[in-house]
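Each of the next two complexes has subunit A plus one other chain: subunit B in the first, subunit C in the second.
Let's look at the complex of A and B:
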């Protein structure tokens, strides 16, 4: 799980162009939206694409993202349980 | 009412000027890489706007040109309905359109990036500048055959005709196939203005001279 969390942080930094942010700057349980990383709605769409591209997870209902993208740890646990690649 | 060019700026992939004077960016910044130079310029401006890194090159150019002009304006970030943003270029958002096209080219691996897709409209540049500075006036983007001081002058002049606009941020922002440049002016309308006269000749002189200066640098 720790390896997946680190990989996820690296991918998010790359895909969302989070310049000046390092993996260690992102707390595993910190909220991704609002406070924390302060991501926006376009970032949420980008995370949905990342889930499909990297892990073969296709979210049927984009509203699911609200729960899944709560934090890096929640996201990693969901990927661990549902990944197809 | 008379109009005058209060300030003007120019940004390319390797240098930046305000009112004809070079804006200092670390000499080694970019090392010829346009993207790195624009990031170095952003840091030199201390703009503190992380969304900058999510923008495409066209929006980055427009954003930086506006920061060079507005950074000393006071007060900043106060909603203004009397300031318009009017942009022009030749290639619309083609650089980003090509990037998006590449992402959707393969049927077996079609993963379009939402953050790339949102920049497949050139007028996003005007929107980014307006959002950053809380400018609630007219925003528009005109795609032209080539640089034309006459066209810039005409459209900016028309913008003042709405009875509300008191200032226009007018920019030529071009980014495609080796060209990476933004030339921006803050044109104001009020009595007793200081600044350069706003005319076709003056606009063309500023654009051509600034380009020549940056080309030589």
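Let's look at the complex of A and C:
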């Protein structure tokens, strides 16, 4: 799980072009949206694309994202349980 | 459309292959030998919050920054209109999007690249940033995009529809697009000039304020004109500006070093503009679809500072020229689209 969390942080930094952020700057349980990293709805779309491309997870209901993208840890747990690649 | 207002260029800011956001090229221009030069970018971290900058491609950062600085320098915080010229739009994002489209089999496309792959993303972003809810238009007409945008703003300002307009010229060059231009023989073959990038924002207004760069007296465009038509168009513009050809100090041309381009100036200028000193700017700023904007910018700076540096003269000149009153910008694109733009020093 720790390895997946680190990989996820690295991918998010790359995909969302968070130039000045390092993986260690992102707390595993900090909220990704609003506070914390301060991501927005366009970033949510980018994360949906990332989930499908990297892990083969297709979110059928975009509303699911609200729960899944709560924090890096929640996201990693969902990926661990549902990944197809 | 009848004209009732004078039009002034209040401020102009550029990011190009010359030092950004300054007029240093007047005295210490950067010279290029390479066939393709990318713009010299300022440190954007000084100007944008990380969460704003991270989603913007370079062309958008350049457009936003030059716009902000032109607004700050002119004291116009909220222009009545934003008119943007671009030949290629956000080509870097467009390429990223199209590459992904092919690579991913038209699935899993990045939304940010998609949003920024349209030509009018530039003008939209500027308007959002400036909170400008007025007229917003993007001119995409290859090598005459800038002239079309300027003509649009000039007509609306002159006819009292608007009082201020932010006019921009923005183009970036990618390695893949440059490779295509090189294959066509248009660019990249020394000594045929070099390819550059442009981000230019200028504030136009119907009143000069305290520190206008110059007056914009006329903008004329012609498609495939014969010599007589061009002569008549020039005469009409000069008459409207109550200026004679004798009073024009110099002509800013788009001479670039590319034989097929320069041949047109060589054939038209001696008859249309006899004995006029010719200036150039593409040897400093490079070639791009909206490069003519930088010709107008260079002429405006010369008029404001009342001097033309020696290095701008075609064929060279031993010293700079002082006491400049009127500069005519004459540009053509592929020998078909011709434009004439007359600028005068303020108070002339």
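Simple rule for what comes next: the second predicted complex is superposed on the first by the 85 of 85 C-alpha atoms of A that agree within 3 Å, B and C clash if a C-alpha of one lies under 4 Å from a C-alpha of the other, contacts with A are read in each partner's own complex, and residues count from 1 in each chain.
In this text, a contact is a pair of C-beta atoms (placed from the backbone, for glycine too) under 8 Å apart; a residue touches a chain by one contact, two chains touch by 3 or more.
Model, not experiment: these values are computed from the prediction.
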Show which residues of subunit A both subunit B and subunit C reach, each in its own complex. 15-20, 38, 42, 45-46, 49, 52-53
Residue ranges of subunit A touching subunit B (in the complex, touch as defined): 15-20, 38, 42-43, 45-46, 49, 52-53
Applying the document's contact rule, which stretches of subunit C touch subunit A when the two form their complex? 50-51, 53-55, 104, 108-112, 115
Subunit B residues touching subunit A in their complex are 39, 50, 53-54, 111-115, 118
Footprint of subunit C on subunit A - complex, ascending: 15-20, 38, 42, 45-46, 49, 52-53
